[in-house]
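Written out below as structure tokens is the structure these notes cover.
Going by the order they are written in, the chains are A, B, C and D; count residues from 1 in each one.
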Amino acid sequence: MAARRIAVLTSGGDAPGMNAAIRAVVRKGRDLGLEVLGVRYGFQGLMDGAFVTLDSRAVSGILRHGGTMLGTARAPAFKTAAGQRQALEQLAAHRIDGLVVIGGDGSQTGALALSRQGVPVVGVASTIDNDLAGFDITIGVDTALNTAVEAIDRLRDTATSHHRAFVVEVMGRGSGYLALAVGVAAGAEVVVLPEVPITLEEIVAALRAAYIQGKAHFILVLAEGAGWTAYTLSDAIQAADPGFESRPTVLGHVQRGGPPTVFDRLLGTRLGAATVEALAAGEAGFVVGLARGRVTRVPLAEACVRTSKVDPAFYELALVLAR
Amino acid sequence: MAARRIAVLTSGGDAPGMNAAIRAVVRKGRDLGLEVLGVRYGFQGLMDGAFVTLDSRAVSGILRHGGTMLGTARAPAFKTAAGQRQALEQLAAHRIDGLVVIGGDGSQTGALALSRQGVPVVGVASTIDNDLAGFDITIGVDTALNTAVEAIDRLRDTATSHHRAFVVEVMGRGSGYLALAVGVAAGAEVVVLPEVPITLEEIVAALRAAYIQGKAHFILVLAEGAGWTAYTLSDAIQAADPGFESRPTVLGHVQRGGPPTVFDRLLGTRLGAATVEALAAGEAGFVVGLARGRVTRVPLAEACVRTSKVDPAFYELALVLAR
Amino acid sequence: MAARRIAVLTSGGDAPGMNAAIRAVVRKGRDLGLEVLGVRYGFQGLMDGAFVTLDSRAVSGILRHGGTMLGTARAPAFKTAAGQRQALEQLAAHRIDGLVVIGGDGSQTGALALSRQGVPVVGVASTIDNDLAGFDITIGVDTALNTAVEAIDRLRDTATSHHRAFVVEVMGRGSGYLALAVGVAAGAEVVVLPEVPITLEEIVAALRAAYIQGKAHFILVLAEGAGWTAYTLSDAIQAADPGFESRPTVLGHVQRGGPPTVFDRLLGTRLGAATVEALAAGEAGFVVGLARGRVTRVPLAEACVRTSKVDPAFYELALVLAR
Amino acid sequence: MAARRIAVLTSGGDAPGMNAAIRAVVRKGRDLGLEVLGVRYGFQGLMDGAFVTLDSRAVSGILRHGGTMLGTARAPAFKTAAGQRQALEQLAAHRIDGLVVIGGDGSQTGALALSRQGVPVVGVASTIDNDLAGFDITIGVDTALNTAVEAIDRLRDTATSHHRAFVVEVMGRGSGYLALAVGVAAGAEVVVLPEVPITLEEIVAALRAAYIQGKAHFILVLAEGAGWTAYTLSDAIQAADPGFESRPTVLGHVQRGGPPTVFDRLLGTRLGAATVEALAAGEAGFVVGLARGRVTRVPLAEACVRTSKVDPAFYELALVLAR
């Protein structure tokens, strides 16, 4: 059944480009004759009935801002049957017949729960960790990559002393995708990932090899899920070979913010538009995202699973290029 | 026949990411046992025999720089049979048995000419205009888009006066792809493309409609090939409705430069690596580029044709989102 | 007499850092026990009585945004006695006993008019043109300089072809200050200013000299008030010596926007705080700005005069450094 | 006695803008008829006789790059009489009659030692820590400030969840200058400095006060010399009030790099030119730097002392503005 009145929420970790998706949901939705409400602070706001009207002006100027104008929050209560019942009651009370859920695996798990109870839900694949099954790249990844690489470009400038190693910790939870892409794009000498075991001895050996080859300084990109912190790895390197002066950098949530790149704005825009086209056509129960360069639908039950996107061939290429 | 000793050149308009491709050709080539030479200043340098040895250190640190470390130049003489003969002689004299040509349609036309005379050539799709047939996006486009959109983001800040219109001219030669993508990503009120006829009256009507709708200021993105300049369009708008104060911005070659984005570094890296894998395997006669999210080979004769990538559905979406 | 209830307005061309000044007026004012109102759209809004209450939350998050949250507008009517009477009536009706005027020479001329009629006014020196007498640097200049130089840095990347000249037109109205500072900071080969006569022949001679010296490409920085446009100068160079391929860039209002630099945020903050300290102490009738590294007061009648800040010694240094 | 043949070196922590100073030394020096040599890797290179000829072309294109083209290194041996004798011998052997030392307090201490032994030395005040006595701001500070604030601007975007605190550690060794300026420019809720004692209880109380006032998220800027790390402070906050989710960011050497801002390019340029003007006029024995907006000379013995530039009045203003 074609939706008439829909709601949109953002949930979980925010990602640059979420606002582009919200804007497209609102403006394309309106073009298709839908009424669009926003939900403040994710599933918690859904349980609380925190709806706001979103007309064309309400989303004016948000395209270029990181974060999400709707806010996000943790919602442990939503994982319970009582919490979900509360959300369903709010949806019914506000006569919502379609829901757009913008977020990562946790958010799409929530979306799946509502979908199973009969709510027409369409998800939007959005997480800077790029760990959603079924999609090549999700909203926010491109911006996060550029932020991290820009920081490392700055480190390169300052590396005009010999024998200096910089350990840069990047986000990604259990996935090394971000760290690997950052490492290749920044020309890192070493990349340390959860997916590929590497010992401290191997790391130090790689640094020594690069030194012998004539390199004066070294960038190590460390995925946050790889078993070290920037501090512990930095200290360990210096302890293992006092010849290296090693310094940590931890970007933390800096990687989540900033104006979205063009890629993330266009991706958010196209995915947001795709959700309302689906709901207006009476189609739901899936997540929209990018696969093989095209907007693609993946069933909610499949898309809410985390997966690693580290391509072994690309890791091999990284090793070759670092030499 | 597998290549042993190859040369790489960049030709035509430079594009951020070309250096990433050169670096990958050198380092992956070396890993595959190839000797790699660089050619300075494109086909002109090829005719002149301007070869330089490229070892791993020679391409150190270039990944993050725009432009091309090899230089480019116009080479009208290369379009003649005499010029091509000269290039063939240089290739033979330096015992080159494989050539990588990084550039756009003009460059790949040159590559095709050499290929037809028996040189194993692999092209790399590289032009900020994104007008190469067979590929979704070429090297340099992503950086150029971000540069233009960042400039327009700045214009948005300053548009705190009523009734002000900014005309921003972006590159793209005959293609409106860049202007359309910039327009959508920057939330432009009007986009003027070579592919879609629009009269001055329609442009002014769109501005007036946006004003009535409550917008205080207006961004117009103008493709360079659309029959206006930023100046003539800006003046025409103000003449047509003196209520608007209109101001031009012309980014010009600023769009060609700057540190490549992560997308362009990774694309350049993957395409560069793909060329030497092909040549080392005895495969040639095509251009490598990105299509449907994957590295794809398109025969030289097909890839050297220019084509417009303006998707009418996306243009329609742009109109919807501007409201 | 110490002020109790003050108003703040921004007028004329906006400048990054104006928001920092507004925020400091509000928060420091409140700390000093003042009530603070904002006036929307400059002197026009003052005549119209467009006052808004500004509490601490109202200025939250504005520090990092270019433009002015209060808006600006042209106000030709304010130049008449009737217009000024209207403004005085509005100030009286809203019981305003102190006024902060953030802007350049035109704005401070308006401030002077009100001051002469008994309104306690303190101006804030704010214009990207840096042409206010009595001050070394005004709000917005530092951001505008960085925006222009960043654009030229991108041009440098792309200048990997021989014999290419880029003409970059920068703002500054009648003053060459911006163009000279941009030229030195960007390493321009030639700087064309209103204050220093230079013929086309001299320009072309400078380019040829640089070429003979081994430079492959050339940046010309052109002040908007110097008698050329980027287009006319670019065309003239190419006509004078067809060996050069010359390309124009016109940044236009892009230079006015963008997140303010730290310098402009700190300057805006300090000047904004200084205005309310003065008004709370019963002092008025001057403009606050930066001179010799310190917050300085200049009488309104002196500060509303435009002046050129091009230092001949610095211009000579620019010539030396370009060689 | 007027110098004829001078050398320039960079020492200690590098700073964006050092290259601008080197370039000005070379080009202005040449204009004054001086021969200019560079010394690689600071005082270590001086002892080793690592001289390179610097002509105009050698410094081409360095203006826009961070770091130092000459490199820096630790030189513990230079602190000994034997090391200094070695340096003096090298200076004599290469007939150097003037030396430019670009760096911070440690570097100027080395410069003083040579000066006392009769070498005409002029120092250039250059350290991102801004802790050199006698100067208002040194080379590199402005760039470091902008890098840190830009990172915090990104954090602001992502702070769309309630009750989130971000602890950002910035450089500055024993001085809180950088942290205070960053805090004010980024609108931080709390700034933790070495110069101003603050307890964990006071920090948490400030966060709670901001929360009650309606703020949803909080930025704490932490000076590296203030007795915490970003990690320990972040953990302590969360332990003290589990209602806050706290996250650390450590920029580390990222703050040292990046293209210099216009301010640092112009400052480096002016100071570099001032050194050769002095040496060519037979004047030496001091450091040049910026004080009260002008190039100023401070005797070497005074300038090599570290001092804090935290202004208590500015700290008070920071507290007011955070409310």
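By our rule, a residue touches a chain if its C-beta (ideal position, glycine included) is under 8 Å from a C-beta of that chain, and two chains touch if they have at least 3 such contacts.
Since this is a predicted model, take the numbers as computed values, not measurements.
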Superposition of chain A upon chain D: rotation angle, C-alpha, nearest 5 degrees: 180
Distance between the centres, which are taken as Cα means, of chain C and chain B, whole angstrom: 35
Chain C and chain D, separation of their C-alpha mean positions in angstrom: 28
Whole-Å separation of chain centres (CA-atom averages), chain A against chain C: 39
Chain B residues counted as touching two or more neighbouring chains: 153, 156, 259
All chain pairs that touch each other: A-B, A-D, B-C, C-D
Interfacial residue positions of chain C with respect to chain B in the complex: 14, 16, 41, 65-74, 147, 151-162, 166, 230-231, 247-258
Chain B residues within the chain A interface of the complex: 23-24, 27-28, 31, 56-57, 60-61, 63-64, 136, 142, 145-146, 149-150, 153, 156, 181-182, 184-187, 213-215, 259, 261-263, 265-266, 269-270, 273, 290-294, 317, 320-321, 323
